[in-house]
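Chain nomenclature is as follows: A, B, C and D, assigned in order of appearance, with residue numbering initiated at 1 for each chain independently.
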Amino acid sequence: MTAVEAPVEAPPVVRREPRRWQGPAAFAAVALLALVVAPLLLEPFRLGLLAKYLCYAIVALGIGLAWGQGGMLTLGQGVFFGLGGYAMGMYLKLHDAGGDLPDFMVWSGVEKLPALWTPFGNPVFALAMAVAVPVVVALLLGALVFRQRVRGAYFAILTQALAAALVILLVGQQGLTGGTNGLTNFFDFFGQDLAADETQRGLYLTVAVVLGVLYLGARQLVRSRFGRLLLAVRDGEDRVRFLGYNPATVKTLTFAVSAGMAGIAGALFVPVVGIISPALLGVVPSLELVVGVAVGGRFALAGAILGAVVMGYARTYFSEELPAAWLYLQGALFVLVMTLAPRGIAGLAAGLVRRRREAGT
Amino acid sequence: MSEAPAETTPAATASPETALLETALLEIRGLQVAFGGFRAIDGVDLTVGRGELRFLIGPNGAGKTTLIDVITGLTKPTAGTVRFEGLDLAGRREHEIVRLGVGRTFQTSVVFEELTVLENLDLAASFRRPLWSLLRRGRGVSEEVAAALETIGLTSLARSRAGVLSHGQRQWLEIGMLIVQRPRLLLLDEPVAGMASDERERTGELLTEIARDHTVIVVEHDMDFLRRYASQVTVLHEGKVLMEGSVDEVRADPHVQEIYLGRAREDAEDAVR
Amino acid sequence: MRNSLWRTGAVIALSTVTLAACAGQSGKSDTSASSGGGNTIKVGILHSLSGTMAISEVTVRDAELLAIDEINAAGGVLGKKLEPVVEDGASDWPTFAEKATKLIAQDKVATVFGGWTSASRKAMLPVFEKRKALLWYPVQYEGLESSPYIFYTGATTNQQIVPGLDYLKEKGKKKLFLVGSDYVFPRTANKIIKAYAAANGMEVLGEEYTPLGHTEYSTLVNKITEAKPDAVFNTLNGDSNVAFFKQLKSAGVSAEQMPVMSVSVAEEEVKGIGVDNVAGQLVAWNYYQTTDTPANQKFVAAFKAKYGADKVTSDPMEAGYNAVYLWAEAAKKAGSTDVEAVKKAAGGVSLDRPEGKVTIDGDNQHVYKTARIGVVQPDGQIKEVWNSGEPIKPDPYLKTYSWAGGLV
Amino acid sequence: MEGVLNQLPIGLSIGAVLLLIALGLTFTFGQMGVINMAHGEFIMAGAYTAFLLQSVGFLVALPAAFVVAGLMGLVLERTLIRRFYGRPLDTLLLTWGVSLMLQQLARDLFGAPNVQVVSPAWLRGGLGILPYNRLFIMALAVLSVLAIWAYMHRTGQGRRMRAVMQNRRLAATSGIDTGRVDQRTFFIGSGLAGVAGVALTLIGPVGPTLGTYYIVDAFLVVVAGGLGQLRGAVLAAIGLGLLNSYAEFWSDASLAKVIVFVAIIGFLQIRPQGLFFVRSRALT
């Protein structure tokens, strides 16, 4: 037996059967905080940052599903994020250009709108592609590698190489993709001025609602038979075959769902932040997303979301206060979490709750 | 992705009625398996009829587990054919063979520790459902699963995590998972290895009960267990079938005795591994 | 037991980080709220202080801070001292946009000096245009841009690439091979080079791009030696230059037989490449540490005094240093730091700087600059071998060059 | 035409570089299942060792870098990785954190800009298309492989290492101190990264981000070669080197990287476990 196939660290021993009202109550409280309190308290600039973190949280949710529940460590989630982002960016670019060539094509020497771009003038098509392209790419990659039982570290490295390859491809096709600069300089979002505070607030609320809906969907998935099957695949892929299931199918579907989430996140990210570029979807950003999930707690979907937001804030904070220390801190935080709290913040919280309960009885 | 909805009923995978009558359930002809230069199985012929309880015995390295691995698609044969209900199993993948109706257990039981006993059984029972229907939250316990819980005697532990079960209980859970799959051929790989004597007894009873309405092949080399529960026995040695017969015939055979004399030493090596 | 202690420790560590982050946010808001009046003018400085671009950009930040110190020592601007607010772009383009927003919206700075890569400028551009704030961008770039809210104090193409080509043509180098990193600047530069070559009877034998950070150049060197050009025009960026020059040198290609003209190799990069690998090669800039002007002697001395005697100065640093002075001069002329007033006053502002006389072109907000071709010396310094004689009028769209007609 | 022929030795020399950077990884990844993302930073440590020792001599830097990087690996193994055996994905993320810190440490110790390492005079010049420094790297790669082979097959330590690699539990019950074997393996694997770092100063930049340029390529070699397989790594490195060389010659450097990636995915369709792998009967 090779160590590569060893199971991941076991999740918490506590069964997820807290009192009935607790889950919905917590969800409602967080929703209230996110939808009402945050927009009232935060100034527009900070609210915009929070919207950005929530976009990352959507990606994190997908990683939590693929990695925490399915054992597929994907180091290339930035790829799907980027594909979604580019689909949206292409629409916005064409919309702003209003029939002319987008600005970057002009200075890249492209004279006619490439055929690939034409349909993206339609917002419905662009939005559909923001989800469909990542899903299809994930289905293809998943079908190829999982069918051949490529897994664990191999899979992680392949997804990482995919991220590296896509970056090179995007950068190389400057006339088509804007090269290193990516797509930026958007003005109008479905008739709203993107610079306006109200538009940004509206975008923030959209992102928050989408995150909430996707969270509920992911939760449903995890608690269904499919979720149990996924867990079984994570803990004993070969055994699952002898239950009559094809693990490759289960993994491919889950991977595609997580890719779709990343695609949605990318599409939302573009109007929120105003740019999509290869630097956002390469090896390092993809790894950073995984770091967030690990810090928050990979075995709990809420932990993944929490981790993405915490890491986003930490990054902004340290970059404003101690830019030189950020790499140390990021590295150190990560080493600490992996050694001392492999289940992340969520695991620590669950541990505390359990201890209090034990003390109470 | 497409295979799940296609096979919704067990009957859909069965071969035509005429073939059923003419062929044995399992037919192995001229089977060879080589790992590098080593021949783990060297020309085995084996026929198992419907409703049979067949024991496979033989010392370590005889090729027992390899034989099961080949039937279930885990190991690819170098030569020879394996037919199940007249269908050639060559080139079929593990889960496809399960879907044809062949189920197995493993020497070291591998139940899903994070899931409850009930969830383990439910998962095993649901593989014929279309994949999309798995997305619904499964509530309640199906009759079939309840019956299996009763059979393996784990009803009271249904909602415990499988991780807390004892070794014996895990083996029974595995057997339970096998039953709810409704296979037409069950392959049990050393079901009593490492069990205490009362657990063995319970397992033996379980085996007898299952064999009443299933075809079962059991790999075992515990002679005591064999004497109590076996009827038809096939002896493997160095990848070949040494002999076939009733328990008493086999036990009386000088060849078999000779092989098993050396067993003590090999068992010691086995423990090291 | 020991385990739970560890856990508790980790909880505390994590919550400290989170709390600190929150506290930091509120602390920031407080200072910004109280910064409306006072005796200082806040100016933003936005460069990568971490990540891959930090190597280059930190030196520009240092030069800009030096200029602010000097201006403050001389009494400040409009009777007020300048107060720099330094932010880190982290070599990440969206972060540049984010930090630019912060500087404008939260810190309410009068102007921002910052950026290095084209990508970072492109990411910041919409922020400055939408919020009607000012950015001073200090690095040579690919042209084809003229934002009303950006001042460009580095060279545009007709002040660096075109003179570089003029020099090669003058030396009789007719066959060129183009090597660049795969991003906007090299691709645009090479487009211009090809148009120039076509109009001037020169021949482009090959055009190759490598990914940013690429380090394996043996195949490319083989392609070059097989094509046998008279000269190589190099628009590689950053670390790739190190690998390229090392591998070119060890392949036995000498500067005498096949010179390489580089537009992204300055004094700082020469150190990393290794002088022995790059000595004798050509570079095109507007300023060298050795440029012989009184202002430069002062600049180099002041920079070494502040940051250490081993420090070198380079073209982008000087352009950043100039940017602060040019903005201060325009503000003085306008009598206000108001963005529109400064923009209006800036046209025609002229100063004697280390690179010589610089003048802001009010039409496109670029700067008149003198082009200088240099040769890398064995001591790591760059010796000027040619200059354009007088400052060249900036022409980001190359409108005054007939051969460039089809480019834009 | 001459260019096409030249690509052959160039491809081999690219392969030699790939082999050097991946060799140590084959050990730690293949044998111990440890995915060490800090491997690139051990390469960097080797390169900085060459920088510090350049007044002493280039050849002195080779063993010194082996020891420096090896010790760094040993410390990493003892303090952190030891706790993570059997959790390869966690190790991957853990060592990535370590690699971030090492990069920043290098930045603080040596400054952010690249440092200058002067190639020794006897490596200037060349033979045909290949410069002496490329030939040196090829020779070094061959020597490293031979040394590793000899170590594994001709010494007691090496035999124990192979025993642990094939069956950890059996080796442990046979009286082999697997902990010590792990330490040695990690020391040697990391040390080889240091040697690679010294060699890379001849052809590439020496700076804090050096490791990041090579790490993905190194992993691809190991993936294509198969776990812990010396001959797999050798063949994969040469194959990828040649593929890289010709793909770049006929297209460009960017496209070549994409082609290599697609080729590896395609290759894994045929040989999912890499070129060579050890058959195993166990079920996870």
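Please note the rule applied: a contact is a pair of C-beta atoms (placed from the backbone, for glycine too) under 8 Å apart; a residue touches a chain by one contact, two chains touch by 3 or more.
Chains and their UniProt names: A = Urea ABC transporter permease subunit UrtC; B = ABC transporter ATP-binding protein; C = Urea ABC transporter substrate-binding protein; D = Branched-chain amino acid ABC transporter permease.
Here the structure is a predicted model, which is why all the values come from computation and not from measurement.
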Looking at chain pairs A-B and C-D, which one is connected by more C-beta pairs in contact?
C-D
If you average the Cα atoms per chain, which one ends up farthest from chain B?
C
How many angstrom between the C-alpha centroids of chain B and chain A?
43
Please report how many Å separate the Cα centroid of chain C from that of chain D, as a whole number.
36
Starting from the mean Cα coordinates of chain A and chain C, work out the distance between those two points in Å.
34
Check each residue of chain A and list the ones that touch at least two other chains.
168, 171-172, 236, 238-239, 324, 327, 333
Contacts with two or more other chains occur in chain B at residues 106, 110
Could you list which residues of chain C touch at least two other chains?
182, 209, 211
Residue numbers on chain B that touch chain A, as the complex places them
1, 3-4, 72, 93-95, 98-99, 103-104, 106, 110, 112-115, 119, 122-124, 126-129, 131, 134-138, 161, 177, 181
Which residues of chain D touch chain A in their complex?
29, 32-33, 35, 80, 83-90, 92-94, 96-101, 103-104, 108, 216, 219-220, 223, 227, 252, 254-255, 257-258, 261-262, 264-265, 268-269, 272, 278, 280, 282-284
Residues of chain A that touch chain C when the two form their complex:
43-46, 48-49, 52, 106-109, 168, 171-172, 174, 179-182, 184-187, 194-195, 273-275, 277, 279-280, 295, 310, 313-314, 316-317, 319-321, 323-324, 326-327, 329, 333, 336-337, 340-341, 345, 348, 351-352, 355
Give the list of chain C residues in touch with chain A in this complex.
4, 6-7, 9-11, 13-14, 17-18, 20-22, 24-25, 28-29, 49-50, 87-88, 90, 92-95, 97-99, 101-102, 105-106, 117-119, 122-123, 125-127, 130-131, 142, 144-145, 182-184, 187-188, 191, 209, 211-212, 407-408
In the complex, the residues of chain D that touch chain C are 2-3, 6-7, 10, 13-14, 17, 107, 112-119, 123-126, 129, 131-134, 202-207, 209, 212-214, 244-245, 248-249, 252-254, 257
